[in-house]
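Below are two complexes that have subunit A in common, paired first with subunit B and then with subunit C.
Coming up: the complex of A and B.
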């Protein structure tokens, strides 16, 4: 049973009853291109006269560069430029997520004061990649090393600083709670985790004129990236063109300006030639920080019959000594259950690392790990089934905001996934199931992801042959944007999906928000839907009112369908015929989903290229989230401690699915990544100098096919029009949330050993 | 850019002569050399391509045993019907190693000579100290993260693990390595680091591995390779064991047993003490588990790899039980 072959069984989200193309299973519009090698990724763009840039990185964890001897590199064959802090062009500081450029200082992407091992110190540009690499190896850097504090496990890291904005409290968290017959406290830890997209970071920077920059770079946010380069080089936004038609995965790591990007653009500017920079796999571990290590202590109290009385959450996450990134560890803790007395606090601890950043379901994912393990432990203490404990604490509204849910079908998730899994047959006693030398464990946990809102913009063109073009600077990371936007336009304009071509990933096209926070599908289908409706209305207006229209005076309204336009009764003509008769070869409409207001061009651009757009929308009166429940079977070898996931059944409430097949892929991908998080992934650092020891795909272990069992993903969602205009909720990041705790809970059930620190490696179970 | 000369050898003599020069390295599948060149460990001055040499990729299996040409690929040997039938431990060790793509490229000779995965060895830009790379420069692994380092055969100069699987099976089954000069018992082929961790085998300059010979035996026919690791595929062993077993006619007394370990030693590790403790005794789980403890006699652990001392005997025991029909 899977979501695609029983689409309508558990709710109308994955509907075959869909009247139009939207909501139906459709194959990826970009799939054929990718299979045939016809999808050109950023670093495959053919740009003439290209030079190659190679990075030189710090090999100490902290301290300063005393001197850099560049002479040998500069004299090496083919070398055009050796860049460091001394001769680099100084840029303006990078604008923040709200588009504000910090005052004062300039920005140079090459460090003199070293804050982490792997920090960018210099770069070499040469005619060939091999020459640049060889010359980079000739650069002699002498350092004055200072003691590094590589991780927050290091005592010298201390307790860090409180993030007041993340603190939340209600009721009387300190008690007294006379009714609480049970109290439970434990500490949970997750390691540093890295996004490791299969396509590493990199770019081609091409100055087409002194003040016009073209960037080919995989990015999850075309407009934010363009804004970033414009800010660095003090250019008008429109003078930067960013192209990113295809992206080989990002998982959050490709949405912000990184030093190597600045370095390549500086080199291109200084040399007056296009420059290509491809981060190596090890460099992806230092170019971008990934998810920081986290530590959370949860103290729960409950009545003897399992009603939560209080929850206290103390969280710590790493940040860098040079910047602030808070992995928001209380996000799930605050809203998942009915907790009358609550307190959550978070501190961030600066260490010598590259600044961490978003990684699939930032905050949500580790937050759920701690909470969902703690709920399992509490259920055991209370002698309750873990699903039953959750049912008893199902909140009728969001306790964090006090708002009602737009929809919350988590109880249905328990019913449907529990039944498909066979949960009722579970013997709660640990070590109660085995087969041969394998201990079998069944565990469950829930996940959730908020539904975010931001404005989008799209252009729809109706061409004379009745075909349709959709254009936007939105991107497709391989998740299906091309496909669902074609489905949306086809739905509105009454044409087959194959008649719609979608162009994405170019900042010259309509504005779009970041493909992050699992928001893009909802926001861009809404924008395309609105724009396509406007195009349809214009066609009808044209038909009814244009003096040269053959349809003029035919009816009060007209129907646009199957490439034709006409009265509902009576003759229809081809759209091309109407366009030709009225003297056009196409009709083009652009619309956005911003709240109506007077805005300057610059303000308007900020709405898309920064997070200001999100803030421009009216505050929601409901609490909007997707939900899921994972039921997982693990097999643990009793001698070796090796854990293998044998079965995953997950039910998900993600509202309406615009394309169930693509949504299912996203769900399964999230679960696969969750398996890696639970059992394998760990950024290992040298405790002396902070160097990443697992900076390759052999040592930084992600799940292989052999680690992934049959996964059953069942949608229980229904269209939620209070959440988004077309009824969808968050899909992309939902399913990773809750996988790791479900596995940890299953491991406990199999072995009787509670592992509170990820990944759960074999030695922890020996 | 590593500026190197490339030549394609047309005969074994030519390959041997060319590889004698300092800085010369042979290339066959290239899966190790290119990897090491990319991380800056290997900097060959001359690369001698031996992939076109005739008669080095044959696999022949007869009553006396198997002869596997040095240029046979891992995937081809693993799928050979004779190897599968008479030397299952060899086939299994190959199939549990690397990935399908690597197995299609990598050759048997290169597989035996693969170098350690020690993070410090593989990162010359970050760690100048490595006695294996630069004799006398020190060891960055000691007193550091050593989850994947050896517990057996170490020295105060080097604790780098031998990462391979095939050589473990070959060690258990008493294989010999044929070179252009001689035939070497596999237990004499690999060198523990001692004072010279840069010397990993007894091969001399200009000496080329031509084939591996595995003698036939009843223990070889009833053999297995058991590899334990966190990830189900594409990971080096946390611990592994190759075991061959022959029982007396009574079906329970051990006549011949061969045991070797991987993932724990600086070389493939023959566990003679385990063999001695079981030979002539009845096969029984408690006895096997007790004897398996001898596998880690003399083991020494560092931060993070003590678990191997616990794990390795369990892997040995389970491998013995498996070939003994006690599942």
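Coming up: the complex of A and C.
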């Protein structure tokens, strides 16, 4: 059973009643290219005269570079340049996403003072990849090593610093709470986790002129990336062109320029030739930061009949010694249940690591792991069914903000997924269900993701053959942007989806916000919808008022449908005919969804190339979130301690789905990543020097085909026009949230063992 | 090491004369020297399967194969899978219909593995498909779609033979 053939119908989410193309199942618009090997990703663009760049990373965890002997590398065949801090161009420092700006007046992407193992130290540029790689191995670096604190589990790491902006308190968290007959406390931990998109990070940097830079780089944010390079090299924004037609997965890791990005652009500038750089798979583990390790202690108190009285949350996550990144661990804890007395605090602990960064559902994912395990444990203490405990604490509004929900169909998720799973047949006693050698466990947990808002911009062109083009710098990393924007334009302009071509991933096209926070689909369908409506209005105006229009004076309005335009009583002509008669070969309209205001070009550009766009919108009067409930069966081999996920049934409230098939793929993909998080993924560091020991795909294990059962994803969403203009909510990151705790809860049910640290391995069960 | 060597590679039925260092992998020969970028580099160390091609009909990791090793053998890449009329291979069509991918980067390798998996007779059940497709990692998590696509194409191939 799948989302697209599920018999249950809930609003237009699993919709066959959609009147137009939007909301219907449509095959992926870029799919034909992808299955034929014809989708050319950024690093596959054909650029003449390319040189190849290979990175050299530090092999100590802390200290400084004493000397770098480059002579052998420089003398090696084909080598054009060996770059390090000494001979690198100095750039202008630029702030990252999180507001960290490198110190000093200038920025050089090569380190002398080493702050983490794997930090970029040098780079070699040669005629061929093989030559660059061989020469890189000849570089001799001598270090003066200092003690490294590799992880926050190291006692020298200390308690870190409080992040006041994340602290939240209401009611009387310290009590006394006479009515609370039950108190429960436990600590939950997640390891470092890495995004590991199958396409490694890298770029082609090409200076087309001294002051014009073209970058081919897989990025989730064309405009933010362009701003990054423009800032580094002190160029006008428009002098940087960033192209990213396809992205081989990002999951949060490909949204901003990284040190190696600067290195390739510097090399290309110094050599006057285009340079291609791809991080090796092991290098990707320190070229960007994944999710930091986390530790959370939750203290819950509840009445004997299972109503939460208070919740206290103390959270820790790692950051680097040189920057601030906070994995926002309180985000789900704060809003999931009706908690009258609440306190959440978070500290970040600097260690010798690359600065961590966003990884699918940052904050939400580990936050839900702790909360949803704790709720399961509380249910057991109270002798309540875990679904029943959650039902009793379903909030009628958002307790964090005091706002009403735009929509919250979590109770429906429990009903629908619980029934499809057969939850009513569960024997609550641990170790009570088995088949042969296998212990069977049934667990559940919930997930959620906020709905973010930011402005977008789109261009719609109606061509003389009746076809339509949609242009935007938004990107598609498998999320379906190409497809749903075609569906949106087709819906408004009354043309078949096949007549709409979508061009994305080029900073020369209209501005777009980051493809992150599960926001892009909602924001860009809204921008395209508005723009296509404006195009339709212009066509009608042209038809009614242009002196040469054959439709002039025909009616007081015109209908645009099926590639034609005309009066409702008949006599329509082709759109191309109207354009030709009025002396045009196309009609082009650009619109954005910024709140109307006077803005300078620089300010306007900042709205899309920084997070300022989010702040430009009026504050929402409702609390906007997607929700889901996972019901999972695991089978544990009693002798070997191996855990297999046997069944997953998930119901999701993500509002209206613009293309249910593509949304289903995202839901299932999130669940698959959640299986990996629960059972496999762990960044392991060398306690002596902070080296990432699991820096490859055999040691950093992600879920394979053989780890994943058939998954049932059922949408219970209804269009939520208070959440977004076209009624969708967050899709891409929703479904990973809650999978790991559902599995941990199922493992407890199977074995009677409560594992509070991920991943759950056979060692932890034996 | 740096001595160049002339070789002739038979890729998708066409002979390509190339002059390469002997240390050049088949994967880099395809991507960097022949402009055949459909075969993907995900790890360059034999762990992800994105570079899967067929050499004399068997699935092989192009990143662990030197180009010189492919001399005198027939190499098939994703670009050579479609029919002579340009129609997609049934496995390609099934991947499209089942939405068996998202970002698409592992997809050529998945499809090359899937074609071989069916040829090998290892597409008899969902579990067998899962096991024999387990060497091709997909971070987007399209495994359910991949199993459905392989099953569909295997059934079509079975029917065609009957």
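Remarks
Keep this in mind: the second predicted complex is superposed on the first by the 752 of 766 C-alpha atoms of A that agree within 3 Å, B and C clash if a C-alpha of one lies under 4 Å from a C-alpha of the other, contacts with A are read in each partner's own complex, and residues count from 1 in each chain.
Here, contacts are C-beta pairs under 8 Å (C-beta built on N, C-alpha and C of every residue); 3 or more make two chains touch, one makes a residue touch a chain.
Keep in mind that what you see is a predicted model, and the values were worked out from it rather than measured.
In the superposition on chain A, A:686 contacts subunit B only, with no contact to subunit C. When the two structures are aligned on the shared chain, A:249 is found in touch with subunit C, with no touch to subunit B. Of the two partner chains placed by superposition, A:181 touches none, neither subunit B nor subunit C. Of the two partner chains placed by superposition, only subunit C is touched by A:41; subunit B is not. In the superposition on chain A, A:661 makes contact with subunit C only, while subunit B stays out of contact range. In the superposed model, A:430 lies in contact with neither subunit B nor subunit C. One of subunit B and subunit C touches more residues of subunit A, and that partner is C.
Applying the stated contact rule after C-alpha superposition, one finds that A:644 touches subunit B and leaves subunit C untouched. Shared-chain residue A:130: touches subunit B and subunit C both.
Of the two partner chains, both subunit B and subunit C are touched by A:698. In the superposition on chain A, subunit A positions 128, 130-131, 134, 698, 703-707 are in contact with subunit B in one complex as well as with subunit C in the other.
Only residues 2, 27-28, 30-41, 44, 46, 77-78, 128-131, 134, 195-200, 246-249, 251, 278, 280-281, 477-480, 661-662, 664-666, 668-673, 696-698, 702-708, 710-711 of subunit A touch subunit C when the two sit together in their complex. For subunit A in complex with subunit B, the touching residues are 59, 117, 128, 130-131, 133-134, 137, 436-437, 637, 639-644, 679-680, 684, 686-689, 691, 693-694, 698-699, 701, 703-707, 759, 761-763, 766. Of all residues in subunit B, only 1-3, 40, 117, 119, 123, 125-127, 144-145, 147, 228-236, 238, 307, 310-311, 314-315, 317-318, 327 touch subunit A in the complex they form. On the subunit C side of its complex with subunit A, the touching residues are 1-2, 21, 23-24, 28, 31-32, 35-45, 47-48, 50, 77-79, 81-82, 88, 92-93, 95-97, 99, 101-108, 111, 126, 129-131, 133-147.
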